[in-house]
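The two complexes that follow have chain A in common; it is paired with chain B in the first and with chain C in the second.
Here is the complex of A and B:
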């Protein structure tokens, strides 16, 4: 199934939510934050979709907002899709999908550690890469650290 | 006696569970790098295990935002230093896919050859260290003797013995030297005999089998739910190999089998990796036979390559599972965001759920059979 078919199925099932194509990514579908859990459950359980495999969860810093990215694959049906959810920079909060894909546990911990995105109802939201008590979230674009050296731009 | 010790002594309930917490690592011979495992034990049985990672975190994803695509290639070697060639591949493929660059056919064949040879070398490190953990010292010498031959081949190719930095966006850095092909054929001929020795030495050994059969069983449902990939997933009986199921490079042109396990125990994971080494030899042999002539890199690509705005996720089958690069470009010569997805990260996340009820000694056998590599987890 390609993106437009998946999107069409989602639109038929959830008339209350809005779905749009990601202009940057030919596999990406942008969904609303409050739709995430419903959509995720449907993507796993529907027999024509069967997205049983979560490749990774990560985020992109877009200035005023963060885009939380979920890469999904289906092992039986061999298709894949990328979900994107925008969360505001001031309140970077989103529901955890750990109950649906247990692998999200560590991936969400990583996104929390490096981007400061708070995953609600996560069973164990701790830092994973940086030491406990580290200040700031290193993959944010505005992160500064005294030991960071900017290389001269090469010609 | 210190005040603190006195207090903790008073708190021990003689009727309650006698649990103790054992800290294994970060510097421990059986953790293969700097992995720390905080294990709660009831006698010899494991109650709970909490892996602590991050000791090798070098913020590669942050560095990628500050380097050109070419400059980052040597850093991708450091993702998985046992399989540097396989770590180069997703990075250059992601940049090529987004930039609309097609590498010449000879480069694609060379990539497959070096990746499969590196897979054998990586599995040999696993074979040696896994058995070393289980108390068998001799296999280490056999595996490193044969791995040395592969390293010599790579040294001939690019001068480096561990971190090759061989691939480029648009191809590979140098063509194969004249002696490479005959020496690779000689190695394959040698290795096909050597692996029979391995089987005679270890696979049938009763002590080895007792330590591994029915230990650390990973069900196919759990494996998929926890995002386990690579030989660990196939040992649980899930037939999923990106070289066949989402073909990249020139893999569709080769015939090879996907070895599968039945139970998903430590022994199955062992057998699957042993078979994979044989299959890799078959692929290398076919690629050598079909190797086309021509250039090995797209000519005159600028050093400061600009990649159009967009996003792509490219994934490859590395020795330890799915290694992929999610590349976000805003049209500049540097990546806006690069996420590196590695096999070991998800493979380790399932590890704590496999342990409760197992003996402490089994934990070493299980972690050895899962083949974690820490720089890949921490990045």
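Here is the complex of A and C:
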């Protein structure tokens, strides 16, 4: 099942939410933040979709917003899809999908650690890579640190 | 430099056997330098080159009397091989303090010496392990060949042979600079 079929199936099921193709990725579908949990439950439970494997959760800094990315695979049906959810930079909050895919636990902790995205209802949301007392979220584009020096241009 | 090569020079025949006359410094330093057990501290790719390849039969660290141990409490030498992150720096320091005196440190590879060729501008990497623990020998390279590590170990043994029990022991436990806690 390819992206257009999956998208069509989602649009038939959830007429109240908007789905659009991701221009950056041939497998990507952009969904609304409030649709995430409903869509995720549908994707894992529907017999024609059966996305029972979450490859990863990560995030992208787009300046004014963050994109939270969910890569999903179906082991029995051998197809996959990329979900993208845009969250505003001022209030970077999104529902956790740990209850649906337990893999998401540490992946969401990583996205929280490096991007500062708060995953609501996460069982254990604390830093996973940086030391506990670390200030800031290093993979944000506006992050600065005293150790980050730039060498002069040698070219 | 080892005991075996030098021992016949000091042996003197006496009835019923032989005795060796030497300085106390030489005896102590030989004991310290001849079987340095090192704590495994592989943090990055240097661990593959320096600790695994150097310890393997092809290069054979055992012929120097050097073995790796799993616990720092049994070790005399710490070979810091790899990138020390700020989070790891506290652990490096803890393990260093768990080693019994006399203890020595070899900083192996560019990352352990000054942050390395790739992480010089990283927010998370300690710029040299000598900021948290005192280092005796620096072995440059990325990663160094096992032969380079052996050269560093031989240099360390030469350094130990010049130590004397008459001199007050250097205060080695406290590092000069401590940026990891700052």
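Rule of thumb we're sticking to: the second predicted complex is superposed on the first by the 150 of 155 C-alpha atoms of A that agree within 3 Å, B and C clash if a C-alpha of one lies under 4 Å from a C-alpha of the other, contacts with A are read in each partner's own complex, and residues count from 1 in each chain.
Convention: a contact is a pair of C-beta atoms (placed from the backbone, for glycine too) under 8 Å apart; a residue touches a chain by one contact, two chains touch by 3 or more.
Source: prediction; values computed, not measured.
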>> Applying the document's definition of touch, where does A:147 land relative to chain B and chain C: first, second, both, or neither?
In response: second
>> Tell me the contact category for A:92 with respect to chain B and chain C: first, second, both or neither.
In response: neither
>> Under the stated touch criterion, name the partner, chain B or chain C, that contacts more residues in chain A.
In response: B
> Where does A:106 make contact in the superposed view: on chain B (first), on chain C (second), on both, or on neither?
Replying inline: first
> Should A:116 be classified as contacting the first partner (chain B), the second (chain C), both, or neither?
Replying inline: neither
>> Tell me the contact category for A:61 with respect to chain B and chain C: first, second, both or neither.
In response: first
>> So in the superposed three-chain picture, is A:138 touching just chain B, just chain C, both, or none of them (first/second/both/neither)?
In response: both
> Looking at the overlay, does A:25 come into contact with chain B only (first), chain C only (second), both, or neither?
Replying inline: first
> Common interface residues of chain A with chain B and chain C?
Replying inline: 129-131, 138, 150-151
>> Residue numbers of chain B touching chain A in their complex, please.
In response: 53-54, 57, 59, 61-62, 66, 68, 224-227, 238, 240, 245-246, 303-304, 309-313, 315, 322, 324, 326, 328, 336-337, 339, 341, 345-346, 348-350, 378-379
> Which residues of chain A touch chain B in the complex?
Replying inline: 22, 24-25, 27-28, 52-56, 58, 60-61, 69, 71, 75, 78, 82, 101-103, 105-107, 114, 127-131, 138-139, 150-151, 154-155
>> Quick check: in the complex, which residue numbers of chain C touch chain A?
In response: 86-87, 120-125, 127
> Where on chain A does chain C make contact in their complex?
Replying inline: 129-131, 138, 143, 145, 147-151
